[in-house]
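Let me begin by presenting the structure, written as structure tokens, before commenting on it.
All chains are identified by letter, namely A, B, C and D, in their written order; residue positions are counted from 1 within each chain.
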């Protein structure tokens, strides 16, 4: 298995994975426009927009992650927010998630801003089993503006 | 009390407030360079860096908030992250925090990306008494890369 | 202020406090039978049923607590569960809650089973401000059978 | 698999399971006296002390649970506290935990006090995957007296 940046030829496999990710969060049946727009952003090369890494074995994509660098008040070098992480159901338990997170760590190091964080639902037990090994839980919880 | 953008003439009062904020998080005695750097960024006008609002009454600054717009995978218009919020100790309970959060809501509306979120420590009871009234708690918790 | 066991002559004042407690948990308008039954149990002297302490100043009851000793698998001496704690609204911030909890600590010591615990809602911010000072938060959360 | 009350002939198998339970909570090497004392209590028939159920298949014990009825201020019929639940490592994922919890539900119904609750560590992910299916998470968290 290798972890590498998303490539223009990955679109179909990437979309299947990202659709699976949204189904996990109860957002099925997103329109094709949504996937087209996201893929264009990921391939657009804007350093201030999201980047993607994929895990691949034998020409098959097993997982993806999307991350973005954004400013932080306390750290002038900025921070890296790992927003999306997903492994296909039949690739679970094989280290795909860990490899992707470590790929983001390496990308953050290369960008000169090694701080990486992510948010997850308190009851995402399977995810947290991994996160407790590769990350540190903080006492911070998220509030949203009601819309 | 009015809520307005930070102004170049606010530096001394702003610094006193922001120092109080950091003391709340057990970070006393930050160097002057830190405050100079942050203030320059806030006044620099970069739309992708942080912005500041202050609450003022009778020429005195009672509180501050710093927020930033950053990309989001699911919402092409981006989201607004309210990172810092602070009211001076003698201005607590007078609606300063609420007015500042509502000021960020208005700024996000004006920017065309109305989604606003923030993070807070689970045990920030005084803050959460306010946040439960102006926001919605989510089940998301934060993990950090160990550094 | 003194903390002392509930007395037969306290019924009216005790009921007013305990009604306030239930209103806090959104259970208004409990029938008189409920209060009669609870008061009889508290005064019944059964060592395996609940006990009550009250905080009193100038002949007025300011708060109450109800606690029970029950067996524990790991500690043969049993444990003490502090179930109810309440201070009247106009007595908040005067140390009533702390005095009552410390009264239960002393009762548990006298009974030979010094372990005391209680449960509180995660968002009971005012209560937790006190509990963090007199107790230790554990990572244990409660599940109920669905009924 | 059947769920049945603990029997005098179960001691060796019961002890192996209960030792595994304590190792899960980082309490290895408990003395034989501890196990003797607990087993005697479980077999002693005191209605106010703990009871035990075991899950058995082919003469082998796969799991255990210990529960106790104790008074509750609001419910005169009392409540049932399920304190210990454990399945042997090689019996996980086979419904042992669920069968034991449902066994306690049935015992509570038979005793006329159907309310059952238990506490678990917030990060007991494997346990909570089951508890979310057979129980309801509440917002209650536990505080201990510092000792």
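In the analysis below, contacts are C-beta pairs under 8 Å (C-beta built on N, C-alpha and C of every residue); 3 or more make two chains touch, one makes a residue touch a chain.
Computed from a predicted model, the values in this text were never measured in an experiment.
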| item | value |
| --- | --- |
| Intersection of contact partners for chain C and chain D | none |
| Centroid-based (C-alpha) most distant chain relative to chain D | B |
| Whole-Å separation of chain centres (CA-atom averages), chain B against chain D | 47 |
| Chain A and chain D: spacing of chain centres that average the CA atoms, whole Å | 40 |
| For chain D, residues that touch 2 or more chains besides their own | 122-123 |
| Category of the chain touch graph - line, ring, star, complete, other | ring |
| Interface residues, chain A side, partner chain D - complex | 122-123, 125-126, 128-129, 132 |
| Chain C to chain D touching residues, read off their complex | 37-38, 41, 48-50, 66, 68, 70-73, 76, 81, 83-84, 105, 108, 114-123, 131, 134-147 |
